[in-house]
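In what follows, a single structure is set out as structure tokens and then discussed.
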Amino acid sequence: MNRNVAIVGGGQTYHAARRHDVNQVEMVNEAIRAALQDAQMSIDEIDVILISNMEFFEGTHMTDCWMVDGCGAYGKPGVKITTGGTVGATTICAGAHHVASGLFDTVLCVAFEKQEEGDTGAILSGVAHPLWGRSLAGAAVGYFAMMGSSYMATWGAKEEHSAMVAVKARQNARKNPHAHLKLDIGIEDVLNSRMLAWPIRMLDMCPASNGACAVILSDEKTAKARCKKPVWIRAMETAHNEQFELDWRDVTTKRPIFSKACSSRIYKKLGVSKPSEYFDVFEIYEPATWAELVWYENLGLCEPGEGFKLIEKGITNIDGPIPVNPSGGVLSTNCIGASAMLRVWEAALQIRRDAGRHQVPKDVHRTLSTAYGGTNWTVMMALSKTLDD
Amino acid sequence: MTARVAIVGWAQTKYAPRLPAVNYPELAYEVISQVLDDTGLSIERDISNSISCSHDIWDGQTISDISINDVIGGHLRNEEKMAMDGSTAVYYGAIGILSGEFDCTLLLAHTKMSQTNRNIVNNTAFDPIYTRMLGFDYTSAAALQANRYMYKYGISHEQVAKVVKKNLANAKLNPLAHQKGDFSISDILSSPLVASPLRELDIAPDTDGAVAMILASEEKAREITNDPVWVLGLGTCYDAYYLGDRDLAEFMALQKAAQRAYTMAGIKNPRREIDVVELSEDFSYQELLWTEGLGLCAPGDGGVLVDSGATQINGRIPVNPSGGLLSGVPANVAGLNRVAQASMQINGNAGEYQVGDVRIAVAHGHSGYCGQHHCVVVLGKE
Amino acid sequence: MSEQSKQEIFEVDQHLIAHSNYFAGKMGSKFYTTLRDKKKILGVKCLKCNKVLWPPRKTCVFCFSELTQMVEIGPYGTLESFTLVTYSEPVHPRKAPFVYGIVKLDGADTGMAHFIDEVDIDRICIGMRVRPVFSKERNGNILDISYFKPV
Amino acid sequence: MARKAQELISIPITVDVPYRFAAGSYLTRFFIELRDNDKIFGIKCPQCGRVQLPPRIVCAQCHVKNEEWVELGNEGTLVAFTIMYFPLTDPTTGKPHKSPFVYGSVRLDGATSVLDHFIHVEPDMDKVWVGMRCKLVLRPKNVRIGDLADIQYFEPLEGQKRPLKQMTQ
């Protein structure tokens, strides 16, 4: 990047299944006002506004234009970028590009989803090719079920291990006032929840949430002048995957995988050899429990086949040596368009030590966030506390 | 701007009302493989990232870049999608290169308008709480804008028809255009009424097609071509959303987007310094309104400008020598097609519709109804 | 692929159908319950811009101020623009031909897009004074106003 | 002062957009072969040799144009599966698939890609396993329309036994 870019503020709504009290514009505005307040900025100081959500999830075309009032975008530059579930992170990348280009100093990135208003089932089934598998679509659950059965058959993990992930997420969420599913549950509760597609149960999956997140980025000069605790964007990487070959669900695959390709690129950029030591906190995009275990391995936090041992030993707990998703993650809050932005914002809060009750006890200098969407796509972002970290 | 970005290649399909033999990834691949062949670049070796440009609802697929990913070289690589007009791909692509993150970016815009109904698609761009149930679409909204504009400034039907006459005549020179011909003003004013004052010939026709383009950093551009087209200025701007929020005869957002692009390009007097303009007139009257917004004449003088013949292909400031969108360019593809057409003018490659020696060209795109978001790109020669 | 070019053209008809439900928000709800129950039209006042906006919204589009003060506007208004629509689509609640207009209600600074009816199409003009005709059966949506007609 | 909760209004709208999707040159040939000749064709990448399903214009891995058609067997191996308990709605009909049912990925003989479809076995973990051999069952010719639904399901080949080592639980 030609200029250093910092996160100088951010905000989010509380996330919930029902937000009958606000329309989409009003909900987005809540996050924006929170972000401006956090950054101690007025809307007049924002140079560019980037607005994103899952395109057409709420059945509305050109949502960015509709959001203009609530975002303060009237008369300002901006564009709408969409990349599916990764879009929140893509939007922060786009914001960083805007700042690094030298054309703009301060950028407001906005991401949201009001899932209750759209027909999520119908729109999700539209992800499938219209002539290839749409009649069987909506099988995101089936996809992660196959991942789970492949994981168990290959590595000898048990359903209890995925349940441990489900419990960790919801117990962490109880410490996060913004999270959606704050459940005081144990392993038995997960195993007794409704079977959706073996071995995926209701509590193995993410919820459908309403919510928004906004993050403000600035150049180094503005950040140092205006912000007490700037968090620096150190590297970003995007990797998509081809349309029809979805090998992630098969843990034995020998083919190059988006997640490993992307992490090895970002590690190379940063000179990381041992990610579990280099990064202090991970905020990853896990739409289902089994995906979290596969992420551990794909990110190199452990050897292949060892992911379930990390959760078993509590290593990824909020107070463990490698905390993963202290916020409660996507398993606790999934306002899809905003989910990937929340991963980055929650990581920034950890660096600032502003995460409140879900702050990890250890020192946090560096974090890694991942996103997930499309047909196995990811965007990764590394943040640091200082430019020397 | 100290660092510079260049357009080093582009390719377009032939435009047609309906291309039923190909699906949209195949349509996209046609232009992607052509632009790679023309520039001698390979995805693996040269392209650092790609940006596609389309809408899920037009494509009939959720996250529709899923279907574009393979043909654009997105596998294990960086691909992003603009859910806006194609001009914004140039804007965002150039910003990515200026950021230092990328040095060679493949852009794509595609739409098959024939596969759905534009009015139903565009109805969903109206807010669901106060407007959508009334059944508006871009054509009926544009008709309100046209009427307001013509009323406010006394623009005549003949003046608006002159845009159609000029563009469809220009299109005869453009081998890729599909709507073209010599029409008299009375032919145009007697074409079937759609939504007053707009008639069939006032409205860009349903079209299928795609455009691909490659942007490069200055260093990379020098390796690729001897004829780079430089991106000198960029500007975007959002306007108010609701139809009644603004006087539809005004163009604050276009004016601001243009001002940003001109300032960046060092253009002080657009009327003198710009040699050719390719703008997005989804509807005939918009060419007049947008020429005002781009500062080519005073507010309200769009009609006078077209009367003067200045915007003719051989005029003082030719507008849409390619035939414009009225000649048949798909929604969303529009802005990227405008940039490609303007680039052809810069390089002297526009064939029969070359307007002479072009040093500065302006391309324009807009998204939403009645110009809710504008994007202006200033291009220049070495 | 000469073999393929001779193939039949294969197309498949599908619909993408999504049942959505959009919440109006508290201010929007007040607008609709007032329209439905009292046949009154509310806007919202921006004290900073000194403008009254329709539709009501919690943030001023022009200055980003938070808005709270709802005020009654209309019912009379002035036609800002209009169009006669000649085509029909399934999304239209009325059969063509019909007229759309933008009406700036008295006391408001922004316009409302809606239907215009009971009007002689040859005599309709910008600047014409109009008033709303409310639907007999009102359900809390924008069609609770049936259309505007000349005063 | 007790305040009555405000009535919150919502506006239901059904978005219904019609499409006429072009299958394109590759899928057209695939569907016609399936519909008229009971054959499944994949497409082979000239560079990496992957035989891909569905047939498509480029190999995403090599970014080269695919041109070589390869006829695949109508038998294959189950590589992943799940039992769906969730009554998934078929978006093209609006009706739910009857649950529970088995749904899996089969690698047809000769293909690199897998094909996801229904597996016609009892929804019982002991009756289905990774590595199970299956064959395609097509709809009767007179009702085929040139669609993936012309494949009814995969059914297991007879005379197979579940391998002992593969205990799922």
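By written order: A, B, C and D. Residues from 1 in each chain.
Here is the rule we go by: a contact is a pair of C-beta atoms (placed from the backbone, for glycine too) under 8 Å apart; a residue touches a chain by one contact, two chains touch by 3 or more.
Computed from a prediction, not measured in an experiment: that's the story for all the values here.
Counting steps between touching chains, the shortest path from chain A to chain C takes 1. Computed from the mean C-alpha positions, the centre of chain A lies at a distance of 29 Å from the centre of chain D. The distance from the centre of chain C to the centre of chain D, each centre being the mean of the chain's C-alpha atoms, comes to 44 Å. If each chain is reduced to the centroid of its CA atoms, chain A and chain B end up 34 Å from each other.
Look at where the CA atoms of chain B average out and do the same for chain D: the two points lie 39 Å apart. In chain D, 8, 10-11, 13, 15-23, 25, 27, 31, 56, 60-61, 91-92, 147 are the positions where the chain touches two or more neighbouring chains simultaneously.
Shared interface positions of chain C, defined as residues touching 2 or more other chains, are 5, 9, 11-12, 14, 16-24, 26, 28, 61-62, 90, 141.
Contacts with at least two other chains are made by residues 20-21, 23, 59, 68-69, 74, 119, 122-123, 125-126, 129-131, 134, 242-243 of chain A.
Taken as a contact graph, the chains are fully connected, with every chain touching every other chain.
Chain A meets chain C in the complex at residues 19-26, 29, 43, 58-59, 68-70, 72, 74, 114, 116-119, 122-123, 126, 130-131, 134. Touching chain A in their complex are the following residues of chain C: 12, 14, 16-28, 57-62, 64. Every residue of chain D that touches chain A in the complex is listed here, in rising order: 8, 10, 13, 15, 19, 21, 23, 27, 31, 52-54, 56, 60-61, 79-86, 88-93, 97, 103-105, 113, 116-118, 125, 130, 147-149, 166, 168-169.
Of all residues in chain B, those touching chain D in their complex are 19-23, 25-26, 29, 33, 42-44, 57, 60, 69-71, 73-75, 112, 114-117, 120-121, 124, 128-129, 132-133.
Of all residues in chain A, those touching chain D in their complex are 20-21, 59, 119, 121-122, 125-126, 129-139, 141-142, 145-146, 149-150, 152-153, 158-159, 194-198, 200, 242-245, 249-250.
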